[in-house]
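Okay, so subunit A shows up in both of these, paired with subunit B first and subunit C after.
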Partner chain A sequence: MKQVTIIAIIAGIAAVLPLVTGESPYFIGVMISVLMMAALSSAWNILGGYAGQYSFGHAAYFGAGAYTTLIMISTFNFNPLGGMVAGIIVACIIALVTGSIVFRLRGHYFGLASIAVAEIVRLSALNFEFTGGAQGILLSDVSLWGVDLNSKLPFYYGMLLVLVVSLGITLYMRSSKTGFYLQAIREDQDAAASLGINLSFYKNKALLISAALTSVLGSLYAVYIRFIDTSAVLDLRLSIEIILTAIIGGVGTLWGPAVGAVLLVPLAEVLRSNVIGEALVKHGIVSEKSGLGIFFKDNLAHAHVLVYGIITVLCILYLPKGILGLFRRTK
Partner chain B sequence: MLISPWRSIMFFLQSLLSGILTGGVYALAGIGMSLVFGVMNISNFAHGDLMMLGMYMAYFAFTLLHIDPYLSLVLIIPTAFLFGFVLEKVFIHRIISHPHQNQILLTIGLGLIMSNSALLGFTSDPKILTTSYSSSAVHIAGGISLSVPLLLSFVITCGITGVLFLFLSKTTTGLALWATSQNREAAQLMGINVAKMSALAFGLGTALAATAGALIAPTYYIHPMAGHTFLLKAFTICVLGGLGSVVGAGVGGVIIGVVESMSSTYLSSDWKDVVVFIIFLMVLLFRPQGLFGKKGEQ
Partner chain C sequence: MIEHLLHINHVCKHFGGNVAVSDISFSVDEKQIFGLIGPNGAGKTTLFNCISGFFPVTSGDIIFDNKIINKLRPDEVCHLGMARTWQRVKPLGSLTVLENVMIGAFSITNATRKAEEIAFEQLGLVGLSDYATKPAGSLSIGLKKKLELARVLATRPKMLLLDEICGGLNLTETDTILDIIREVRRKGATIVFIEHDMKAVTAICDWIVVLNSGEKLAEGRPEEITRNPDVIEAYLGGGQNA
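Let's turn to the complex of A and B:
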């Protein structure tokens, strides 16, 4: 079956899913997180997976979208879509600055510089006044063309749309000239350059596409949650989660990031809501009053990043091509 | 009110000296990272978390065993060396020929495990290590005062750096390590056991990171996520000095210490990290091989 058909079928299933399951806010909430992480990771994959440029600072573009949108809405009375467009512009400017500095270099440098840029953006948002500093920005009621933005559904479909667009671009990339150039750069930069490929032009192109998509997701997230601060949208942790999702699913594959998100986000949700700790106590494995029981109850909820760390290490050692890499090998 | 030129000179000197003292400790962390990078060609993203472990080791040696944080280095250095050696043998050596992004991700994963285990074990409450001399200062001419813990750290840093240089330039093992750092293949052809050198380098790097952590423990808040800031500083130092250059990392550390101190004095302490990262990007833009790096490697 053609990949386009598969994307259409899965998108169709995802689109009718809320109608079937009813509007359980919890379920829709988790689904929004899954779709968002899948889209973020797919957008990252365009640059990381196909051009081989690992960005460790994608939170900068997410945060740029989120902050610009909320500032535009609350200070300049933009509507959310206008804010989103402004966010894309800001994210692209940051991407161009980063790209023009580091794409002349290779290897370790792009990764390091992307972190440095992301940290500059984070610290600036933390220290400037118009970004709300450490308190962040809170958004009161907002609406768009009479659509009720208090409901979760518009954001569900918004995230789904960005995911489909990201997958579509990835698919186009795989069979277009730009895509072949990027893969050539990934495999051997010198060989690509000797064939006349303009390295920094194509790397910047991939970075801009990736940054713009990431920024749209940031805008959606900000209007959905209505509260942002630097630790929610600009933290290094977010950048790393985006990469991990792609790695675990399979970097440089069409479906890898989505598979990673489907596995990791619910796992994080389970750990965060402390289902495991409660189950251990409930089944009498650990007594609620014992030291261990109290420890589990208090702390397992914070353990999801620890679990991410363990998964990363195991994945790099035993599954460096991700879950989809497993199937590819047997082909 | 006009500040007299004399006072502003003293102000400047004060800031310069405290910058150099802090920079010394940064240099130690930078040297550790550069050594690992030079010998193994790996960007160690767990370096900051190894520093954080050093901070906790000093803290617990002080609160549980009542050992002075500077004296506890006698315990911390061998423990950390062993820890790094084992980490290399169990994890790092398996990815030494992998693409660099896998190496970065593996060390990020190890770092996440360390920082979040610390979070589970020691909670997120910041700990403060207060010694009897924590807030005392030495006054020197012209009203300049230097913090005693920073001064002690600096002296110890100089001592350790000196010993490290003697080791690298006078002993057979040290020379073998240096040779591996300059050219891994050639070193291997000369009969150097490069796998052993890698484990040694990672052990030394870990010991240096933990030492730097222990040395700043009396002057910083100790918390599980402390490594994050230091990781980025250590990278800036290494790139500034030239990735893989041990001398460069030493000089880079002092420069970063002074830049930080100057920007807190003349700008604001909120922006000092931003200044450091802007310098990092400027180095990449204008001199990507760093101050002491070999040209053409970037």
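Let's turn to the complex of A and C:
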């Protein structure tokens, strides 16, 4: 089956899903997180997976989208779409400045420099007044063309749309000159240059596409949550989560980032809400008073990051090519 | 004045206080097979890196096809019609053999199908058609060298810089590569070729420049070079029988 068809089928299923399940706010909320992480990770994958440039600073573009959109809406009375476009522009400017500096570096140095740039953006947002500093930005009611944006559904479909666009771009690129060139850059930069590939042009092209998509997701997120601060949208943790999702799913594959998000986001949710621990106690499998019971009921919920971390380490140890790497035929 | 395709004009390359290439001049004519030889550390590969745009020269000029190219990036040099291979082969390991060659072909076309067509043609020329769908990283060294050759040929170069393309190959493989090089020249390309293997060089080259310790030691036709006492001394060491 053609990949385009698969994308269409999955998008179709995702599109009717809320109609089938009913509008359970919790379920839709988790699904929005899944779609957002899948799209973020897919966007990162264009630069990290195909061009091999591991950016550890993608939170900067997410934050640029989020902050620009909310500032435009609250200060300049833009509508959310206008804010989103402004966000793309700001993210692309940051990307171009970043690219011109950090793409001179290769390998680990590129990764380190990308963290540095993202930290500069974060600290700026934390200290400037127009970004609300440490207080962040709070948005009151917002609507677009009479559509009530207090509901979750518009954001569900928004995230889904960006995910489909990211997958579509990845799919198109894979069979085009740009995609081949990015992969050549990933494999060997000197060989790529000697075969006529303008390294900085193609790296910047990948970064711009990736940053623009990431900033759109930041805009959606900001209008969806209606409150942002630097720890929510500009944190290094976000950048790392994006990378982990891609790595665990399968870097440099079309579906890897989406698969990673489908597994990791609900997993994090289950661990955080401690569904398993509470169920064990509730059904009397483990006594509430016993040491084990206390561990399951109280401690495990606090340890969700630890469990998440252990699963991640196991994945990296035993599935170095990601989950999709298992299924990839050896050529 | 005769038109030279490549003209190296008093080129020097220093790394800090280390002089790798010192005041080298020579010219390569169109359709020549030109050999660049010399013992280890003579500066051959450094000179290649300067010509192909990877190193800036310290002084001097490199003129290719009537353009000064020593300020250009490697990809720009490639687009002018000069392509190089690497002494330590650089296959794009996780891509297939066909895809490797397609990446070369993309320098002259934007269409994927056309690139594939050109790539198949080059694979046929070097005899790698059967390996088209194999990952490039899985090939043996002999096949990787052929892949390097196919990949640069796909850029349709006017001039090929081949850096020890026969290094590490057995006699049969060397002969195959030399046949391919002759065929490429017959089709109109000029070839500059670094080699250790004196037999390969004398068998194929029209003109040879010998480097030693970054300086030009001698130049001439192969039979002159093999009889030149300075060259014999540089290669074999005075009085020794190797």
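Basically, the second predicted complex is superposed on the first by the 308 of 331 C-alpha atoms of A that agree within 3 Å, B and C clash if a C-alpha of one lies under 4 Å from a C-alpha of the other, contacts with A are read in each partner's own complex, and residues count from 1 in each chain.
In this section, a residue touches a chain if its C-beta (ideal position, glycine included) is under 8 Å from a C-beta of that chain, and two chains touch if they have at least 3 such contacts.
On a predicted model such as this, the values are computed, not experimentally measured, just so you know.
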Subunit B versus subunit C as contact partner of A:Val30, first or second or both or neither: neither
Which of subunit B and subunit C A:Asp188 touches, first, second, both or neither: second
First, second, both or neither for A:Val305, with subunit B first and subunit C second: first
Chain touching more of subunit A, residue-wise (subunit B, subunit C): B
Touching partner for A:Ser175 - first (subunit B), second (subunit C), both, neither: second
Subunit B/subunit C common contact set on subunit A: none
Complex interface listing, subunit C residues touching subunit A: 52-54, 73-76, 78-79, 83-84, 86, 90-96, 99, 102-104, 106-107, 110, 112, 115, 133-135, 151-152, 155
Contacting residues of subunit A [partner subunit B, same complex]: 48, 54, 56, 101-102, 104-109, 111-113, 115-117, 119-120, 123-124, 126-127, 236, 240, 243-244, 247, 299, 302-303, 305-306, 308-313, 316-317, 320
Residue ranges of subunit B touching subunit A (in the complex, touch as defined): 43, 91, 94-95, 98, 100-102, 104-106, 108-113, 116-117, 119-120, 228, 232, 235-236, 239, 243, 270-271, 273-274, 277-278, 280-281, 284-285, 288, 298
Sites on subunit A touched by subunit C in the complex: 175-177, 180-181, 183-184, 187-188, 190-199, 331
